[in-house]
Amino acid sequence: MQLKSRHLLGLEGMTAEEINLILDTAASLKPILDRPIPKVPTLRGKTVANLFYEPSTRTRFSFELAEKRLSADSVSFSQSGSSVSKGETLKDTVRNLQAMKIDTVVIRHGASGAPHFLAGCLDASVVNAGDGTHEHPTQALLDMMTLREKLGKIKGLKVAIVGDILHSRVARSNIHGLSAAGASVGLCGPATLMPVGVSDLPVRLYRNLGEALEDADVFIVLRIQMERQKRGMFPSLREYRSLFGMTVERLEPLKKEITILHPGPINRGVEIDDAVADGRHSVILDQVTNGVAVRMAVLYLLSGGRGKIEMEDHGQA
Amino acid sequence: MARPDFKPVRAEAVCLTGARLLDPASKLDASADLLVAEGRIAKIGAAAGEGFEGLRIDGAGLTVVPGFVDLHAHLREPGREDEETIRSGAEAAAAGGFTEIACMPNTNPPVDDRPSVEFVRGRAAGLLTDVHPIAAITKGQRGEELVEMADCAEAGAVAFSDDGRPVEKASVLRRAVEYAGMTGRPVISHSEDLSLSDGGVMHEGVRSTRLGLRGIPSISEEIAVDRDIRIAEYVRGRIHIAHVSTAGSVRLIREAKARGVAVTAETCPHYLTLTDEAVQGYDPNAKMNPPLRTAEDRAALWEGLKDGTIDAVSTDHAPHSAEEKDVEFDAAPFGVIGLETAVGLLLTHGVHKRRLTLRELVLVFSVLPRRILGLPEARIREGADANLTFLRPDAAWTVNRDGFFSRSRNTPFHGWALKGAAAGVLRGDQFYLAP
Amino acid sequence: MDGQGIARTLKRLTHEILERNAGCEGLVLVGIRNRGDVLARRILKAMASIESREVPYGVLDITLYRDDFQRLADSPVIGETDIPIDITDRKVVLVDDVLFTGRTIRAAMDALMDFGRPSSIQLAVLIDRGHRELPIHADFVGQTVSTSKSDGVQVRLEETDGEDSVVLVVS
């Protein structure tokens, strides 16, 4: 079994089988991280470029670590330290990468569809590390891996995504990925941060957080960005917290086990309380570890499959 | 950009033989010879060419109609001559079947006074296709002070428009409609509420949600169309709504016309043939403003065109260089070119799909745009100015952007198979007939 | 070779391993997936009936250490690797079904080294079919079979394939 595309641009359109392949591979790779020498030679000779046009520490570190664990050579640049600030267009960057014979490009970009643009003009495989408000497939995959680890399966889970759905690429990737994997997804957030036409997606809409808490087993809590308030999308952080904050007071009375995920970075005390983020429901740190494993799996699966030799049972015996 | 050489033929007299001549206004639909001499139609009839010794055009397979007008094109001169010049735009127009085009003033600098109007007229002098300048509504298209409308009109401006952006202040548009009334020239409104568009790049709906692209809601256009109609109604002035894209706008215009408001409207071939589905894959050539809408909107536009709510089809020809356009979707400028595909698209998706008759095609491309801009009628009758569009209504062809006379290549229609093509034009003592 | 043949051969291999190492003190058996791990478990069982103490056992999947990853048409499925104890300063006996080019063993040794520094690595195989491409030899060989390079040697085992047999497929 193989992924259908040689790029990972998003989870929309991906099948349950493909998602499971990635998650299974990630699970097989994860133990490497605990070995005395946490590194395998698999991608020796492969070169990965990490293009981060938006500031991101965690995702970039996670990808870089995944590349190093697989022995790929990697080069990274982020906006401030590269020629992007000198007015170089994405296309110029692409041409340079092409000339440098890069095998895989990991890209984080503020414009939705930027990875698709690269995929259209590069020979390399392109991995979307977050594009605008479109998708962030590896984040959703690591969320799914974490859920599968903790709860045994994804199928049948009721997952609520809480917060700024409109601007969230994490939400979009999770909607596609989780529903493909058989979970039911519900959305909960201020009406102004709920995208138009969202009811045509495979989701249910919760009227308020109370309803979501009653119904769902899993909560993906999204980061609320301060600048949205400045643009008039909601009146105040105070009111946001009172309506959509995952607070101790809200969770205390719950009689059931729930699982809380957050893609980070967290605005503690706004969308989620400290005690909740660090509490027993939270799997936020597992998400971080699994992030490396999932990215290793993606790189592994996209890096093979360029040769012509068909696998036999004992290809090398 | 490499483009073919445009070689119009200049001839004192020419005889067109064996073509179908179609002019609904003159109640003419016949196969006959047509003799042009000294820029006028000298003779029409079965034996019109008898004894004629000059240049003959074999018109077999051609349908000859009154000259088509594009009342909304962007030529990039002055400012971005690499993307289009007045000459290259005029040549593309001739190849696309237009004998006359009106060009929008959002050049750099903009056309907003007599010298700039005269500049355009000067550049266009002697070209096969007439190029009529449209002057800005406000100085510098800044939406504040009116241009010297009377002076511009006298210099040859056929209309006023700040197209590319709306006149944001209702009070300014009100004054513009009132004042333009004195010149007899229409105000062409780019109807958009910028606060609702809010940086959007495509139609707001489930597709923009899926693609993660910021949406431009239908109401961004409709609220502005409503406002602009009310202004015209209130001051009893005339207004023309540019590039209508939504079903709601069609409804508003239909209602206004029923009330007797002096409103006219145009839509463009891309709104009639594409939907926001074309944005899937983030193709920057599917990015225009207003954006491609839904299938329901598209159906309403055809309906509006059929029942006369929408008077004309314009191209909104908007050339952009590959460097500008071949970038990530958010960063790409709005607009597509259309002069060389408009007629073919309308023949294929209008006439051949029985949404419009050939007579109605003549209405939306010739009769009504002329009326809107106050241009003289084009008629096929003896004594009339020679102003003819050549069509090959049944010719099968494939759109190839590399063969365009336009300097730009930003079309979403590259590779489309069409049935029916513009074959050229004849205007005065010049003609161009596609090989 | 049939089921009885395989059983006899494994029994002999078990004895040879114990003899060479003077018992099972400090031994670790590591089977290479797939089938090497099955054989290792059988040897382990045989050892248990001879020696009273339990020998530690691990499974190695060499996919991530293959030297032909770039040339494959597919990214192969990664099997589980489980080395439950620290192999440093222990005598590791690698077990595989067929020894051919030697590349699998090279990969297995590299993988082992990432888990620790064994005092020695020995190799036990059911079948040695020749055609080595690397300077590798087995310490314990069940049977040497002469083959041509394009032939196939199919080892089938009860646990994985429903029967015990070794078949030479001549191309």
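Each chain gets a letter, A, B and C, in the order it is written, and its residues are counted from 1.
Criterion: contacts are C-beta pairs under 8 Å (C-beta built on N, C-alpha and C of every residue); 3 or more make two chains touch, one makes a residue touch a chain.
Being a predicted model, the structure only gives us computed values, none of them experimental.
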| item | value |
| --- | --- |
| Top chain pair, ranked by number of contacting C-beta pairs | A-C |
| Chain nearest the overall C-alpha centroid of the shown protein atoms | A |
| Furthest chain, CA centroid comparison against subunit B | C |
| Rounded Å distance between subunit A and subunit B, as computed from the means of their C-alpha atoms | 46 |
| Rounded Å distance between subunit A and subunit C, as computed from the means of their C-alpha atoms | 40 |
| Centre-to-centre distance between subunit C and subunit B (centres being mean Cα positions), rounded to whole Å | 77 |
| Multi-chain contact residues (two or more partners), subunit B | none |
| Residues of subunit C touching at least two other chains | none |
| In the complex with subunit C, residue positions of subunit A that touch it | 1-2, 24-25, 28-29, 31-32, 35-37, 39-43, 45-46, 70, 300-311, 313-317 |
| Touching residues (chain side subunit C, partner subunit A) in the complex | 34, 61-81, 96-101, 103-104, 107, 110-111, 114-116, 153 |
| Interfacial residue positions of subunit A with respect to subunit B in the complex | 12, 89-91, 109-114, 116-117, 131-135, 169, 172, 195-198, 200-201 |
| Contact set on subunit B toward subunit A in their complex | 204-215, 217, 281-282, 323, 326-331 |
